[in-house]
Amino acid sequence: MPGINSGDTTWVLVSSALVLLMTPGLAFFYGGMVRRKNVLNTMMSSYGIMGLASIMWVAIGFSMAFGPDFGGVIGGFNWAGLSGVGGAPNPGYAPTIPALAFAIFQMMFAIITPALITGAVAERMKYSAQLIFTLVWSIVVYYPLAHMMWGTGGWLKNLGALDFAGGNVVHVSAGVSALVACILLGKRKHHGVSSPTPHNIPFVLLGAGLLWFGWFGFNAGSALSSGALAAHAFLTTNTSAAAALLSWMLIERIFNKKPTALGAATGIVVGLAAITPAAGFVPIWAAIVIGFVVSPLSWFGISFLKRKLGYDDALDVFGCHGIGCIWGGIATGLFASSAVNPAVTNQGLIFGTGNLMVSQLIAIGITIALAGGGTFVIMKVIGLFTKPRVTLREESDGLDHSQHGESAYPSFTGLD
Amino acid sequence: MPGINSGDTTWVLVSSALVLLMTPGLAFFYGGMVRRKNVLNTMMSSYGIMGLASIMWVAIGFSMAFGPDFGGVIGGFNWAGLSGVGGAPNPGYAPTIPALAFAIFQMMFAIITPALITGAVAERMKYSAQLIFTLVWSIVVYYPLAHMMWGTGGWLKNLGALDFAGGNVVHVSAGVSALVACILLGKRKHHGVSSPTPHNIPFVLLGAGLLWFGWFGFNAGSALSSGALAAHAFLTTNTSAAAALLSWMLIERIFNKKPTALGAATGIVVGLAAITPAAGFVPIWAAIVIGFVVSPLSWFGISFLKRKLGYDDALDVFGCHGIGCIWGGIATGLFASSAVNPAVTNQGLIFGTGNLMVSQLIAIGITIALAGGGTFVIMKVIGLFTKPRVTLREESDGLDHSQHGESAYPSFTGLD
Amino acid sequence: MPGINSGDTTWVLVSSALVLLMTPGLAFFYGGMVRRKNVLNTMMSSYGIMGLASIMWVAIGFSMAFGPDFGGVIGGFNWAGLSGVGGAPNPGYAPTIPALAFAIFQMMFAIITPALITGAVAERMKYSAQLIFTLVWSIVVYYPLAHMMWGTGGWLKNLGALDFAGGNVVHVSAGVSALVACILLGKRKHHGVSSPTPHNIPFVLLGAGLLWFGWFGFNAGSALSSGALAAHAFLTTNTSAAAALLSWMLIERIFNKKPTALGAATGIVVGLAAITPAAGFVPIWAAIVIGFVVSPLSWFGISFLKRKLGYDDALDVFGCHGIGCIWGGIATGLFASSAVNPAVTNQGLIFGTGNLMVSQLIAIGITIALAGGGTFVIMKVIGLFTKPRVTLREESDGLDHSQHGESAYPSFTGLD
Amino acid sequence: MKKIEAVVRPNRLEDVKEALAAININGIMISQIMGCGRQKGWKEIYRGTIVELNFLPKVRMEMVVSDKDVEKVIKAIIQSAKTGEIGDGKVFVYDVADVIRIRTGERGDPAL
Amino acid sequence: MKKIEAVVRPNRLEDVKEALAAININGIMISQIMGCGRQKGWKEIYRGTIVELNFLPKVRMEMVVSDKDVEKVIKAIIQSAKTGEIGDGKVFVYDVADVIRIRTGERGDPAL
Amino acid sequence: MKKIEAVVRPNRLEDVKEALAAININGIMISQIMGCGRQKGWKEIYRGTIVELNFLPKVRMEMVVSDKDVEKVIKAIIQSAKTGEIGDGKVFVYDVADVIRIRTGERGDPAL
C-alpha cells in the first residue's frame, strides 16, 4: 500500500494492543481496592465495557468522533460500520499507517474512558444501569468531545488547544463524569463508619504495573508513528510516573510516617494521567515537574476535599484522573515547546505568551461542562426508567452475588 | 539482509512474544477455574509444556511441520535442529522476515495447542502422563496437521481450505483431542454430586485479559507482515471477542437472570477462538456475526450437550475451542471475501459458489478424524505402560500435593 | 530524521516497554515467595525502585554510564539531564534509532538490576534503607559497570569481553551484591527453624510468566535493531528458558520425586538469566546446553551451598542470578561464534583459542569484585547512620505493617 | 460465666457488632465458617448450569460474658441479626470453667 | 444437648457430611483449622530442600445435637472419617447450656 | 478433661507452640480469628486518610488436656504470650464431656 510505513504501522498496532491491556489492568487496579464481596462486579464493569464500547465504536463511534465534521462538534455517519475505512491512510490523521489502524488505536481510548468512570460508583450501582450509562455517555459525551479535540474540523482543535493523548478527552471527562455520577447515586451504606478496605492490594499493584506498561502505548502510541516523537513521549510518560510515585511516597512519609503500597500505586496512576495531555509537547525536565506536583494535588483532593465535600467517589476517579489531568492540561499550557514538537505553534506560558494557556483553560472548561452536564442529564434520564442503585440488602450481600450470582474466592474464608 | 523488512520483522517478533504470553494467560484462565487444591497442577500443565514443546519444536517440530513436503502430509527432517533456518527469509512462508522469525512465531502455536487440551483432563490426570501425551501428540497430531494445512505442499492447503491463524490446526484439534482424552480418562470423583467450584474467578479474568491481549499476536501476527491485512485481522479479532462477550452475557441474562464474570470470560475466549480461522479473510461486519453466534453455540454445548452425553470435560475445552472453531471454520466458508484478502481465491458461500465451503468441511472433518483418532490411540498406548489417572486418594487430596508436593496458598485458610 | 529506521525504533521501544514490565513481574515472582505478612514490602521494593532509578537515570545515570569516557571506567556528566540526547541516533551505540530510544532501553536495565537485589534481604530490611542502598549502589556499582562493559571507551569492552544483554552488568552484579548484603544484614529470625513458606505460588508463576515475556525485550531488544540478530537472540532466550525449566523439573524428579511449580518457575528464571550474556553470540544448540546445565548448578547452590555456608539469601538471588550468569558468561566464552554474530571477533573456546574465555573470566572477576566490594562498603556506611534492619518485633509483626502500615489481604483469614 | 456463640448472616456482622457495643460487650472473637442448615444454598451459575451450594458462608461471633449478662446479650443478638427468613442462624450457650487475662494474670469475672 | 466437635482430614469432609445427612444431622458449622498432633507433617519441597510442615490443614465440623443422638453421631463420624492412619483426628463432646433459634426465638431442643 | 482456648497475638504463635511442646502438649487446633477487645485497632493509611481497624487479627489455639495439666498449660501460655501491652489476649477453660480418637475409637483420657 503506497504511503504505508511498516514500522509505524507496527508501532500503532502494538500500541493498540497495549492500550487494550490497560482495561484489564484497570479492572485489577480497581478490583483490588473494593471489598471482596464486590470484586467481580467491579472487574466486570471494565470487562463488560470492553465488549460494549468495541462494538459501538465499529458501528458508529469512529464515524461520530473522526468522521466528516458537522459544525466543529461532531462527525457524520459517513463512516458508520467503518465503511470506507481500510488499508489506505487517512492523511489528516496519520499519513503513514492504514486508516483502519488509526481507528483501532482510537477505539481503545473509547473503551477505557467509560471504564474509568465505574470506579466512582463501585459497590452500589446496578450492573445493567452501568452498561446503559456507558452506551449513552459514549454518544453524548465521548464522541463529541473526541471530535472537538482531535477530529478534523473540531473547534477545540482549531482553537489551538493541545491534548496529546487524551488528558481532556479521556481523563478529565471521566473524572468529572465520575464525580457527578457518584454524587447523584449517593453514598455507600456504612460509608464513613466502617473502614474502607481494599481486599487485595497485590491486585492493585498488578493493575498499576499493567497500566504503566500499557500507558506507553497510550501516550507514545499517540505519536501515531515510530521515531523521535514516540521516544520522547515514551520517556516523559515514564518520568512523570516515576516522579509522582516518589512524591506520593514522600507525602505519606511526611504526613503519615509510612509510604504505603496503595499510595505508591495511586502515585503511579496520577503521574501517568497528568502527563497524558503533555507527553509529546513538553521537555523531559517538565515531566519531572508535572509528575512531582500531581501527587500532592491529588492527595489533597482525596484526603481533604473529598472528606470536606462529603461525596463518595469510591475509588477516587475524580481525585486521580480529574484533578490529575486538569493539572496536566494546565501544565501543557505552561511547558509546551515547539523545540520538542513542531506541532506546537503557540509555546507554553514559560516560553512565550499566554495564548496557549487560554486555549487550554477553555478546553478544560468545555470538557468539564460537557462531561458534568452530560452525566447529570444521563443519570437523571436513566433514573426515570429504573433505579440505578441496588437495594440496601443487595449492597450488604455484595454486588458479586446480587448482580452476577457468583462469589470470587469461594474456597477462601474471611470477612469482608 | 536483503528482502528483510524491519517493520514486518518487528511485528512478527512482537506477535511471537504476545502468543508466548498466552500460555501463562491460559494457565490463569484454567487455574482459576479448578479447585484450590489443584491450581498448581493445572498451571503446571501449561508451564511444563512451555518447556517441552519449545525444545521439541527446535529439534524436530519446525522441520516436520514446515520442512520439505512428503506426500502432502508431513515435512522432512531436513531442517531438524533448525539447520539452515536463519536470517534469510523463506519466500514461500514469509518473504519479508527472517525464516527464523517465522519459525519462532509458529513455535508459539505448537506450545499453546497441547496446553489447551490439558483443561479437559484437569484435576485427575497424572502430570507425567500429561507430558508424555504432549510429546507424542505433537508428533502424531500437531506437526502433520500443521503441515497439511499450512506447509508448502500440504494437501489441505492445496485443496484450497482456509485457516488464517489456526482454527483447525490449533483449536479444533485441541478441542476434539480434549474430548476424546477426557472420555477415556473418566469422570472426576464426585463429579455431578458436589458443585464445580472455580476457586479464584479474578484469576480467570486475568487469564481472559491476557489471552485477549495475546490473541492480537496470534491472529494479526498471522498476517506475517505489518500493514493493512494485519490491521484488518486485528480488528476482526477484537470485534468478535467483543460480540461474543456481549452475547454470552445476554444468554445468561435471559436464561439465568444474571450475567456472570465466568461467563463473560468464557464469551471472550470463544469469540477469540471462533474468529481465528477467519480473521484475515472476512469483512468486519462478519466478525460481529461470528462472535455473536459462537456464544450461544458453545453455551448450548456446555450446558446441554455435555450434561446429556455425560462426559467430564473439566474446563470445557471441547465446548469452547472445539465447537467455537468448527463454527469459525464454517463461517470462513460463508463469509470469506477476496475484497478483504486477495489470497481468497474461492469466495465464501454468501458471495459466490460453495467450493470454499466444501474445502472447509473437508478440512474440519480431517482435523476431527486425525485429532480424535490420534488421541484415542495415544491414550490407549500410554495406558499400556502406566495408569494415566491418579488414584482416588490422590484425587481427593488434590493434585498439587500428590503431583507436586506443594500447596498453592498455604497461609490462607479455606475449604476446597 | 535521517538514519532512523522506523522498524528498528519500534522494536527498541516495544522492548523497552517489555523490560519495564519485568519489574512488576519480579515483584510478583518475589512477592509470592515471601510470607503473607511481607508481601507488600517485597513488592514495594521493586515498585519503589521503578520510581527512584528512573529519575536517577534521567538526571545522571545515562550520562555516567554511556557518556563521554573517563579512563575507561565511567562516563562524564556531559549528558546529565539527557541534555543533547534526542531524536538523532548515537552511531556508536545504535545507529538506526533515536539516541533517546537507546537511553530509554538502557534505563529499564538500571531499574531492574537493583530490584533484583532486594530479594536477598527480603522480610527484614528497612524500606528506607533499601531505597538509600539503591541510590548509592546505582552510582557506585551499576553506572561504572555498565560503562566499563558497554560504554564507548569502557575498558572491559575494549578488552573484548562479551556481554550481550547484561549477564555481568545486571545479573552477576545483582547476585553478588545480594549475597554480600544478606550476609551483612544477618539471618531472619526463626530462619532455619520454621519452614520457608511461599504464601502464594500462583503469584510466583505469574511473575515467571511476565519475566519470560519481558525477557524477549531484554535479550532480543539488545540487538538494538530488528532483524536476524534480534530473531536469533529471541530464540536462544526461549530455548534456554525451556531447557532450564525441563532440567529443573528433572532434578526435582530425581532427588525429590516430584517436580514442583516453584521449581519450574525457578528453572525458567535461571534459564533466562544464563542465556542473557550469550543470547546474540551463541548458536541455538548452545542455548539448549546453557539452559540445561544452569538448573543443576543453581539447584546445587541453593540446596547445598547455601545450607553449608549458612547465609540467608531469602529468595536466592545469588543462587539464581549470580551462579546462573557466572555460568552464562563462561558459556559465552565457550560457545560464542562469529557465524552467529560478526561482532564476535574472538571465537569461543570450542571453536578456537582461549582469548575470549580469558576476557570473560576477567570481566566476571571484575564484576564480582566491584559489586561485592561496593556493596560491602555501602552497607557499612549506611550502618553508620541508621540500622538497616527492622527490629525483631517489626520482623515478627511483618514488614507490611511495620514499614507500610498496611496488610495485603485484610479480608482473608489465615496464618503466616 | 458463659460463652455465647452466635452464628449469623455475614451481612449482619456490623449490626450485631454495634448492638453488642451498645450494651458494653466488647470482647468478641469473630470468624467465618461455612454452615449447613435448613437454608437452601444460594444458587450460583456455572457456565450455563445452575448449581446449588451446599455450604453457605456464615459469621460466628463468640463472647464470654458473666452470667448476669447472658439474657441481655441474647436479646441484642436476636434483635440485630433477625431477618425472619430461614438461615438467620442460632445462638448457643456454654458454661465456662475459667478465664484468665494473659496480660495481668487476672482470673474469673474480672478478667472479662 | 451436646456439642460434638470433630476434627477430620480435609479429604473426608464430603463423606462425613453425607454420613451425617444420612442420620438427619443437618445443622453443622464447618471451618478449616491448622492442627498439630502425632501426625508428622506433609513434606514439601522448597527449591531443593525438603521441609516438613508443622501444622497440617484439618477440617473441623461442629454440631449441636440432642443428647439421645450423641452416640449415633459419633459412630457416623468415626465410620466415615476413619482411614486407620495417624492423623485421622478426634471427636470432642461438650455440654451445651442452651440453644436459641434467632429466626423464631425458640429455645432448647426444638431450636436445633 | 478440659478444653483450653487461648487467644494470642499472631506473632506469638511460634513461641506459644514451642512452650507447649516443651511441656508435651502436642494436640492443638489453631485458627485465625478477628478479635475485638480493649486494644484499639492498628492504624492503617488509606490514600491519605488514617483509618482505625475495628477488628484485629488474633490467633486462637485450642487444646483438650487432662485435668491435671490445666494449670501447667495456662502457665506456659501466659509466659510465652505475654508482652504486657493491651491486646495480649485471654485464656478460656471449658469442661469436656468426652473425647474419642477416630483412628482407634479410644475414649476419654487415653484418647488425648
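In order of appearance the chains are A, B, C, D, E and F, and numbering begins at 1 in each one.
Here is the rule we use: contacts are C-beta pairs under 8 Å (C-beta built on N, C-alpha and C of every residue); 3 or more make two chains touch, one makes a residue touch a chain.
Here the structure is a predicted model, which means the values were calculated and not measured.
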| item | value |
| --- | --- |
| Other chains in touch with both chain E and chain F | C, D |
| Fewest touching-chain hops separating chain A from chain F | 1 |
| Identified repeat of the A-F interface (over half of residue pairs identical), from B-E, A-D or C-E | C-E |
| Interface with more contacting C-beta pairs, comparing C-E to B-E | C-E |
| Cα-centroid distance, chain C relative to chain F, in whole angstrom | 44 |
| Length of the line joining the C-alpha centres of chain A and chain B, rounded to whole Å | 33 |
| Chain B-chain D separation of Cα centroids, rounded to whole Å | 49 |
| Touching two or more other chains - residue numbers and ranges from chain B | 5-8, 10, 14, 194, 198, 200, 206, 256, 258, 260, 262, 405-407, 409-410, 412-416 |
| Where chain E touches two or more other chains, by residue | 30-34, 44-45, 53-55, 94-95 |
| Chains touching one another, given as label pairs in label order | A-B, A-C, A-D, A-F, B-C, B-D, B-E, C-E, C-F, D-E, D-F, E-F |
| In the complex with chain F, residue positions of chain C that touch it | 190, 193-194, 393, 396-398, 401, 405-407, 410, 413-416 |
| For the chain D and chain A complex, residues of the former touching the latter | 10-11, 13-14, 30-34, 42-45, 53, 57, 59 |
| Footprint of chain D on chain F - complex, ascending | 2, 6-8, 31-38, 54-55, 58, 60, 74, 77-78, 81-95 |
| Residues of chain B defined as touching chain D within the complex | 194-196, 198, 251-252, 255-256, 258, 260, 262-263, 266, 299, 302-303, 307, 316, 415 |
| Complex contact set, residues of chain B against chain C | 1, 4-10, 13-14, 16-17, 20-21, 23-25, 27-28, 31, 39-40, 43-44, 47-48, 50-52, 54-55, 58, 81-82, 86-88, 97-98, 100-101, 103-104, 107, 127, 200, 203, 206, 400, 403-413 |
